[in-house]
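The next block holds one structure in the form of structure tokens; read it before the comments.
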Amino acid sequence: LREGKTTGGDKHLKKMAVRYSHDVTDYRLGCFVRLLFRWRGSVYKMVWPDMLMYILLYYIISFVYRFALPEDEKRVFEKISIHVSHFRNLIPISFVLGFYVSVIVTRWWGMYVSMPWPDTLAILLSNHVHGQGNSARLARVTVARYVNMGIVLTFTMVSPAVKAKFPGYQDLLDAGYLTKDEKSVLERLDRRSKQHKTYLPFLWACRIVDQAKREGMITDPIAQKTITDEIMRLRGCCGELLGWDDYNIPLVYTQVVTIAVYSFFLFSILGEQFLDPAQNYPNNIIDLYVPVFSLLQFFFYIGWLKVAESLINPFGEDDHDFEFVSLVTRHLEMTYLLADTQEREIPALVKDTFWE
Amino acid sequence: LREGKTTGGDKHLKKMAVRYSHDVTDYRLGCFVRLLFRWRGSVYKMVWPDMLMYILLYYIISFVYRFALPEDEKRVFEKISIHVSHFRNLIPISFVLGFYVSVIVTRWWGMYVSMPWPDTLAILLSNHVHGQGNSARLARVTVARYVNMGIVLTFTMVSPAVKAKFPGYQDLLDAGYLTKDEKSVLERLDRRSKQHKTYLPFLWACRIVDQAKREGMITDPIAQKTITDEIMRLRGCCGELLGWDDYNIPLVYTQVVTIAVYSFFLFSILGEQFLDPAQNYPNNIIDLYVPVFSLLQFFFYIGWLKVAESLINPFGEDDHDFEFVSLVTRHLEMTYLLADTQEREIPALVKDTFWE
Amino acid sequence: LREGKTTGGDKHLKKMAVRYSHDVTDYRLGCFVRLLFRWRGSVYKMVWPDMLMYILLYYIISFVYRFALPEDEKRVFEKISIHVSHFRNLIPISFVLGFYVSVIVTRWWGMYVSMPWPDTLAILLSNHVHGQGNSARLARVTVARYVNMGIVLTFTMVSPAVKAKFPGYQDLLDAGYLTKDEKSVLERLDRRSKQHKTYLPFLWACRIVDQAKREGMITDPIAQKTITDEIMRLRGCCGELLGWDDYNIPLVYTQVVTIAVYSFFLFSILGEQFLDPAQNYPNNIIDLYVPVFSLLQFFFYIGWLKVAESLINPFGEDDHDFEFVSLVTRHLEMTYLLADTQEREIPALVKDTFWE
Amino acid sequence: LREGKTTGGDKHLKKMAVRYSHDVTDYRLGCFVRLLFRWRGSVYKMVWPDMLMYILLYYIISFVYRFALPEDEKRVFEKISIHVSHFRNLIPISFVLGFYVSVIVTRWWGMYVSMPWPDTLAILLSNHVHGQGNSARLARVTVARYVNMGIVLTFTMVSPAVKAKFPGYQDLLDAGYLTKDEKSVLERLDRRSKQHKTYLPFLWACRIVDQAKREGMITDPIAQKTITDEIMRLRGCCGELLGWDDYNIPLVYTQVVTIAVYSFFLFSILGEQFLDPAQNYPNNIIDLYVPVFSLLQFFFYIGWLKVAESLINPFGEDDHDFEFVSLVTRHLEMTYLLADTQEREIPALVKDTFWE
Amino acid sequence: LREGKTTGGDKHLKKMAVRYSHDVTDYRLGCFVRLLFRWRGSVYKMVWPDMLMYILLYYIISFVYRFALPEDEKRVFEKISIHVSHFRNLIPISFVLGFYVSVIVTRWWGMYVSMPWPDTLAILLSNHVHGQGNSARLARVTVARYVNMGIVLTFTMVSPAVKAKFPGYQDLLDAGYLTKDEKSVLERLDRRSKQHKTYLPFLWACRIVDQAKREGMITDPIAQKTITDEIMRLRGCCGELLGWDDYNIPLVYTQVVTIAVYSFFLFSILGEQFLDPAQNYPNNIIDLYVPVFSLLQFFFYIGWLKVAESLINPFGEDDHDFEFVSLVTRHLEMTYLLADTQEREIPALVKDTFWE
């Protein structure tokens, strides 16, 4: 049974991206505030390891200053601390973070938009490849399968998770994407050329459509064009995904931002120490032991950087990443649902309740 | 009577999004200023609960400081207040808010653009499905109904308000979107697969178009393609709406911004207290009792954040949300108005007044 | 004579949007500087009433402080002034203005791009609806008229100026857009449904195109599709215009910005007073009587806000608004010019000067 | 000889926009630094007149202060200077410049993208209008000429340089764009309507294509549609160019930015004077005679503003403007090169070196 | 053997753009941190020469101040240093860098999107040009070759690396892109017109498609249109590449930014010197000998500028540039792989494992 097989992958749907849209549909008092009490995909989950290390380093320095240093070295330390405190603000990290995260968010959505959805193709197949016989059904189902295969091959190139699930042709064969014949064709071509073979299934799909046209299952060239254009559009989506994967934000930009943020906080460990209030340094009038504002600032800037880290390559298995693994299953099931409609699943044309 | 039924939903049109375009069409003195005296959709309506809580907390602290603390603890409090006042500016919330709200506004408009409008389809149906007999009329009306059904099914997935109105197939049946036959088909498919069935009505609509072509009501494949393309475009809009709903701005970004703004004001309660002028602290030369600037600042920043809160998911029933409930009614009525035109509603071709 | 009638509206073309492109085509010394000496559409024209009120209030306070207050209340006033002067900078209005105006400018251009131009349709009609007889000419001219009617109906919904010119169907009838027959059809439909009837003329236009196809004036379905697609594109533009008009920038954003800017200057009236130099307050070493910088700052920020005010709804009759009234006239004349070309206005095909 | 004539305009190609892409293809030490030693299109070329005036004014004030003023007036001047120096930073010109220049750059590229390139049309003509006889050649060449004429007419409306080259129909006739017959048609229509006649040549071009279809030179309606669509696309580009030209950035925005920048520097002349170090004013500890930083700041801000000035209307003859004059020549030559290909310029179909 | 020849260029694929997407697929502790330990394409590799020069100059000044200057000149130097330190912050380079880099990043991705990928065309050729005989194969292969030739000719105009590989027609002939006949046609045309001949191969390709249609290898005009449209789309991509290359960011913008950044650091050499702590200048309480913060700031700002330098023209051979040379090889191989599919490489249509 086709359905049984494909819905077998349903458990993957459990692990989904973090969704909170429906918590913020309407504005209510504290609508955003309630979002703060979530762990999955939260800033806490991402920031705590860095935070822990920061706190550790901060208190090591603090203890050394308070208990280990002799008086005159304390004075030197205080001067260094004040010097650091004054100068570390020379780097406008909020600025560079704002622009950097803007670029990342734009790219992230561009990647989403590039994701291929074969639903339209499935409807077109169901609609334009006429006939309820086996050959028409075979054409519809095989085109759908080929396009799914092309999409899966693309996903294995960009998403380590999908690669882990389908490391080789044999696994695709086992999952039903490939037949033995097709596998041997792909392997023969792999020996002929080292270029990736992602686009071959799309070629095969077009060929079946062309054959269906010649055999009269597709009645006119316009319908053939509609289907072929849609297959090519899906191939284009796959090409775009590979492009996003190949040309990420230049490494140099990511490095500049990362170094700026982390060095800022490295110096913050020195500069944000509470100095002896008895020395009357400006802005050091009280000793609170817990550097509340430094921690808040750390939380804020590192959290902002984590926005970038979680979006820069959404092809993984992070909380915010696109769920390619479950998408693969979803596509397979949805295309069969639409492209392989039984005649009894098409309602008869009857007058509705609005008919006078 | 078809019109009677559909315009029955007209009362939904009452509850509309906040519109003020026509108040600002022309620049006049105080054109923006007059906008300040509105309550619906206003910043006051959104900010007052937070503001109330802020004022309450502020004066509790203020009273404790002024009347409850002994003199020496007052001095400690003053030091803490000055410390807080100095350091809480370390977090550039205006910056992060500016970038965050920019992203939200862009997405909000993207969502608007994704909304499906079936008007063009209705005109094409009226134009290309020839014949005034019952079968042609049935084809036109049913395609329009199916597309409306697909749109409503999508809306129930993204908008809680539409979901509340149509919680199940029975309600769609009662509202005239579904016939019994179609309902049983959908239920049979629900048992076969757990994927959402939003796209099935579009498939059915294409099928009717194809049948109309074969029966000669549509005369050429080009016209069929035009109609099918438009149905697919509407399906694409529905898919985009689901996409916007699934992948919102990462939770981590929203959390970082929310925490930054609210913690800023939490500390502001301490740092913005009027300290005893007699102590001659810098910038504390006068005691005004009412912290005008803190309140203004609160109003400003929280108001800015509320812009984001009100736009982040416009699929609800907020003052600024898209009115899906009335849109459903509007679409139904408009498509019937256009797709089910009577011959007597098409004016005869006569020479106009410009004819020489 | 057709031309006579349409060019009768030419006087509207006098009142045009402010154009200065041709003054800044080439960079010359003081090229932008020369733009400063213009009044129409200028910042002076927009800012002076606010400026006047600001100056008035400023000098009232100033006179009270200098001449009315006793010495000890002067000291209190000075403290308040210094307090205000220090704290009013807490709101970063330049930031919020920058982001807000960016959004407004983007939307303004989006609105321009949505404006329907029927020129391409007119050329297509002239080209694809063959025949110089009356019936072909009638088809061409009527399609052009219907599309113009649809555009005018849209304009009356978004532009108060066009609404004032054409308040009802009778006025459109008088202006030649409607025939009596068409007017009665529209009125009959108005009784049937409350939805706006803007899209009906586009439906009628498609119908005429379809009839022309069946009568052989349009020779192939491809040409029919080309014309129908263009009519649908124009309908889409009209729908977009309505969308821009319905969903403006959320009121809350506009209110936040307006309140921020105006409250900033309300406090500036107190904080920017010249205090008695004899009191030796910091930054108050001289009394210039005229607060040059406050006025400049006022001019600058309020001017920046006016950019937003003048662009937020360009559907009016401001100096910077789109000239819908003259556009209506222009569209009518241009479509007839192109769609109703006489055969003698098509040059014969002869060898040009480049022919060997 | 056709080529001879058109390449006669080649000298215009000499005066080209400033190109430096190929200097920065690869990153090398000082790659950007080397760009600093260029004059054409450089910031020096644009800034020096303003700079000169600034220096002149600065030293006039400086000399008056140092040598003309008596001691007590010197003290007053110093107070004014300190007051000005303190307050002129109230206007965040870097902010407004950043946003303003962003908008300008976006528009500038939008204008570039709107520029019509007839190359594709020429290829389509060469490909789809079959026949090597005179009539087919005449059709191809004339369509190409008409489209070029439409483009030139558009250019004369937006670019003063092209207007200067072709002030009237006679000049277009002399240049070979118009025949006498066409000129008289245009003149007759100019008497009929005051609307610009830019789109008429596109109409004529479509007519010739339609005639070629009826005469069998174009074999199928699909090919006709392809060519007509491309002609309409070029007309659309011309319409967009006119739109960019009509609706520039609102004058009020340009005025606000210009006034902000220039008034900033007007006050800088007072505020940046070196005051007598003997008076011990803060930040006035040394007298360098040359205000290095003010000059640098002037150079920087005015230079930034000049970016806007040079891009705000790229339809002129500036160093950074689009070269419409040479483009006209280029288009003419390129379209004839492609559309008027001789049969001997099409290589025969032979097996290449990769053939097994 | 075709494959042997084309994969011979495979060694070019070695030198690829810097990729790190797969290192950041999932968020892990220190995910960005690990990126810091890379050299290729890193900020270190780009910044170190400037950094070295900066350090050198800094210590020369430092040594002069500490050891060469007499005491009174030291005092003068200290005053100059403080003056410089105070005033060099007048130029907001973070601001201008943020906006400038934003523009550059947008353009860089626009260039990527403009890059032509002939894969879709190859699939269409394989699908729509029927027949396994030599003439059909020749048509498919030659169209693919012509389009590749057009792409290579474009690349030689924008990428010095490709120009170096194919300096003249002879090299293209040797590489198999050109036949002798085609070369002589191109040379004949070079004598006729100085315009670049990049678009001619696209014209030739269209001609072969047209011929294939007339000879019945392509069965319907729709298929011909599909292929021709795709060829024209690729030509459009090539035109866009030339456009990006011709109109870069205005030189004046690049100069302003470069001068601002470098002059900032030129003065930093004076202003960031450690002054004698014994003199009690503010913010000079300690002498650390190594100007840690200046170096960090230098690293940060110059690194940010290098982002721009590496992206402003990605047509070279930098670490971050598009790999045109290997792309040329890839395109050739991929198009032959897809367009020249053997019948035995098309799998037979068999029931898959999902078939009930």
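The letters A, B, C, D and E name the chains in turn, as written, and every chain counts its residues from 1.
Just so we're on the same page, contacts are C-beta pairs under 8 Å (C-beta built on N, C-alpha and C of every residue); 3 or more make two chains touch, one makes a residue touch a chain.
None of these values were measured; they are calculated from a predicted model.
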- Message: Could you classify the subunit D-subunit E contact as same or different, where same means more than half of all interface residue numbers appear on both copies?
- Response: different
- Chain centres from averaged Cα atoms put subunit A and subunit B apart, in whole Å, by 25
- In whole angstrom, the CA-centroid distance of subunit B from subunit E equals 40
- Enumerate the residues of subunit E that touch no fewer than two other chains. 6, 46, 95, 98, 102, 222, 306, 310
- If each chain is a dot and touching chains are joined, what shape do you get: line, ring, star, complete or other? ring
- Task: Can I get the ring sequence of chains, opening with subunit A and turning toward subunit E?
- Result: A, E, D, C, B
- subunit D residues within the subunit C interface of the complex: 1-2, 5-6, 46, 49-50, 76, 79-80, 82-84, 86-88, 90-92, 95-96, 98-99, 102-103, 107, 138-139, 141-142, 145, 158-160, 176, 179, 181-182, 185, 188-189, 192-195, 199-200, 202-204, 206-208, 210-211, 221-222, 224-225, 228-229, 232, 235-236, 239, 243, 245-256, 258-260, 262-263, 267, 305-306, 308-310, 312-313, 315-318, 321, 336
- Query: Quick one: in the complex, what on subunit C touches subunit D?
  - Reply: 3, 6-7, 10, 17-22, 24-27, 29, 31-33, 35-36, 38, 41-43, 46, 94-95, 98, 101-102, 105, 109, 112, 117, 119-120, 123-124, 126-128, 219-220, 222-223, 226, 283, 285-286, 288, 292-293, 296-297, 299-300, 303-304, 306-307, 310-311, 319-320, 322, 330, 333-334, 337-338, 341, 344-356
